[in-house]
Amino acid sequence: MELTHFDQSGKARMVDVTEKNETKRVAVATGRIVMQPETLALIRRGEMGKGDVLGVAQVAGVMGAKKTWELIPMCHPLLLTGVKLDYTLNDTENSITVQATVSTTGKTGVEMEALTAVSVAALTVYDMCKAVDKSMTIESIQLLHKSGGKSGIYSRGDK
Amino acid sequence: MELTHFDQSGKARMVDVTEKNETKRVAVATGRIVMQPETLALIRRGEMGKGDVLGVAQVAGVMGAKKTWELIPMCHPLLLTGVKLDYTLNDTENSITVQATVSTTGKTGVEMEALTAVSVAALTVYDMCKAVDKSMTIESIQLLHKSGGKSGIYSRGDK
Amino acid sequence: MELTHFDQSGKARMVDVTEKNETKRVAVATGRIVMQPETLALIRRGEMGKGDVLGVAQVAGVMGAKKTWELIPMCHPLLLTGVKLDYTLNDTENSITVQATVSTTGKTGVEMEALTAVSVAALTVYDMCKAVDKSMTIESIQLLHKSGGKSGIYSRGDK
Amino acid sequence: MELTHFDQSGKARMVDVTEKNETKRVAVATGRIVMQPETLALIRRGEMGKGDVLGVAQVAGVMGAKKTWELIPMCHPLLLTGVKLDYTLNDTENSITVQATVSTTGKTGVEMEALTAVSVAALTVYDMCKAVDKSMTIESIQLLHKSGGKSGIYSRGDK
Amino acid sequence: MELTHFDQSGKARMVDVTEKNETKRVAVATGRIVMQPETLALIRRGEMGKGDVLGVAQVAGVMGAKKTWELIPMCHPLLLTGVKLDYTLNDTENSITVQATVSTTGKTGVEMEALTAVSVAALTVYDMCKAVDKSMTIESIQLLHKSGGKSGIYSRGDK
Amino acid sequence: MELTHFDQSGKARMVDVTEKNETKRVAVATGRIVMQPETLALIRRGEMGKGDVLGVAQVAGVMGAKKTWELIPMCHPLLLTGVKLDYTLNDTENSITVQATVSTTGKTGVEMEALTAVSVAALTVYDMCKAVDKSMTIESIQLLHKSGGKSGIYSRGDK
């Protein structure tokens, strides 16, 4: 077991994927912002026409996915061919779950792009609401599923 | 209680802070990457000279803090005057805690910059280790403390 | 009358403003996207809850304003302290007018930031609607008003 | 007729083009900067060796085309394979027409890249000349022609 | 003999490579930072666990390679498939040689990406050490080798 | 003697300059591109109206200076208030010397900005001419002079 992002002398590198084939790849990631009930209520009201927090987070998430290679040092640049984000509001635990699905046809996967989309969308929700609730936390940013490439399919819960 | 990032008609805007004073501001944020024990062991070994995962995450976190205004749509650009990140390895819960401290002298706070530094550093750890552990999760990204500005000091746990 | 962005030998430069004072500065710019009546109707419907074209353009315009110094070669970087955009839908000429107001406290003005915000917002409207109307045109991008700095106030129509 | 940049619930997304074929694509866009006769004369003089406004705009336009995916939220990143800009000076209406031609081999078209190149070049002309003429306006940014992709050829004036 | 980055009227352009084939391409570049013996000793100590200058330069060089198309106006964007940097410390002339190897599969070569990686890594070494040695110089940034594309192999020393 | 960009445990950080005063700062850096005599002749011809290599390098250098904080990991963002570049063509050694002067009013110096401007301008010359001369080398990138800040004036050759 080794960390592929380092060479034999331990120096960080962008792994050489020149010889890999281009395959269709999809990755799905999620994360959750937990907040005060009043904050969730404010966001929900926004959905009905005034102050659309999730609309802004949506745009931020899509744009963030495209910037992944600029943020994560050893990530390969990729031509994303699809990015979408979905939100689920949960009144029991006063949270919003963000789910991002990213696709490409390329030599490496889009796991980092999906995780970055979720992170940037969640941070944007924090930013838009921090004037009323600084105690929000971002939880459980994780990869749910990915397909494509030599390592094939991964689903959360797989060994 | 209202979301200041929207105007009266509900349109998103960058809040006008022209009339605010420049004050010294500091924000501290944290987050945690939970992983397999083997992954934590690999990272620890890297610290001893080969494949320094946290060294790469360090650079990514500092650079990420500087890009906050590009990622979070309604964030004001700021001249950061200090960014540092610290890591704590926890063998009981197989996790690494990232803590970022960001300072500036400016008209708005650096909460988002500290939260972004933590997020980007944590995502970088994920990226560097995902070849051996795709099940890692990023937990509890949150603001610990901030000082400066009209709203003064916030410490986690405050009402 | 001379172009200040060139030195005496004709080479482009970023004008030296080191000795200028920081003053409060505001600039207002506008532009207009002219389209088919069906396209305008689609956008209006979006405002009522599905497919919010202007919401996306809003975010793009604010983020575009912050990137002005990266796009316009001789522009000085500035710490924008406020950016807002407004839209007026005009059914007579089937157009949408975008108006951007940008503020800062700095050594140079924010005219280019306001004009860039308008341009990026208008291009975003084009992008969001081009599947149904490639014939849209962007018209009359212009500075309406600016204040602050040694040259003082400019209002469109002034000599 | 629908806006493809939104999903069925009205949320903005980057349209999924994973299954589309890569084809050769070209787009041509234009725009016009209208100015005072003295401003046009100054720019023309620059062309003859001192203060080359259009030379700077040329570089800005090419670099702007490459940044389209960073500016326009739902634009796909693309590997541009050619960008050129041409200028026509018109003494009758005291204007400069910018024309940009952008090519790629890819899954989506380069209309937005051509329109962005024109916009950034025109804004750069404004910036370089604004010390002598703040009344300039940018007019008629539009797509002239595009080829490639499933929707085939579009020429301005087509139904 | 002509400069391909200009059209027949002398205007700069991004050369049209639409019709070129994608081939595997590799480029190797080097450069050297010459410094005071004490500075070299400090960097060497850092390698042994405190203040890892070359570790930071490594990350900067990889990230710099990915930004080449943003920095060099007429460079084509490319999907880099591998970037690595190596350092050789030379105690005779008190210097560090940086060597970068960049690969891609694409329509144009990665010479500029390798030269940019070297330049950014060398500038980062300067930045990290300038508090103790402002007299460092960066020497002999050059292309050592490149392969792929229609012009084939180039090795330094070739006619 | 210590490297300020690391904390006591050896971790890289952006040095905290919050408490420093803003002073006027200027830095001058130079570098040299050595080439074949035919290449220098081609560039000189360009200056007379066709294919202006140095005009493009000029724009690249100014824009590169503004991107320094994005390229050099531990650099502080700064509001540059002036950037200019000058070129000297030397027929004896077939070289072009680039000199960059950068100014700001800020808490840290602009040495890295001047060195980056020179590097990016030199790389751009390489890029524009590499079709005819791949053997060019970039030499002697160095700081000539800097003023401002607590450490005061530095001139090359000072002890």
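Labels A, B, C, D, E and F are assigned to the chains in the order they are written; within every chain, residues are numbered from 1.
Quick note on the criterion: contacts are C-beta pairs under 8 Å (C-beta built on N, C-alpha and C of every residue); 3 or more make two chains touch, one makes a residue touch a chain.
Please read these numbers as outputs of a predicted model, since none were measured by experiment.
Relative to the C-alpha centre of chain F, the farthest chain centre belongs to A. Of all chains, the one whose Cα centroid sits at the greatest distance from that of chain D is B.
Its C-alpha atoms fitted onto chain E, chain D is found rotated by 120°, rounded in steps of 5.
In summary, the interface at D-E recurs among the listed pairs A-E, A-B or A-C; the equivalent pair, sharing over half of its contacts by residue number, is A-E.
Here C-F and A-B are compared, and the pair linked by more C-beta contacts is A-B. Here the CA centre of chain A is 31 Å from the CA centre of chain D. Among the residues of chain F, those touching two or more other chains are numbered 12, 49, 52, 55-56, 59-60, 63, 67, 70, 73-74, 79.
Pairs of chains in mutual contact: A-B, A-C, A-D, A-E, B-C, B-E, B-F, C-D, C-F, D-E, D-F, E-F. Every residue of chain E that touches chain D in the complex is listed here, in rising order: 7, 11-18, 20, 69-70, 73-74, 76-79, 106-107.
Considering their complex, residues 1-6, 9-10, 12, 31, 38, 42, 46, 49-53, 55-56, 59-60, 63-64, 67, 70-75, 111-112, 115-116, 119-120, 122-124, 126-132, 134-143, 146, 154, 156 of chain A touch chain B. Those residues of chain A whose C-beta lies close enough to touch chain D in the complex are 24, 55, 58-59, 62-63, 65-67, 79-86, 103-105.
Listing the residues of chain D that touch chain F in their complex gives 49, 52, 55-56, 59-60, 63.
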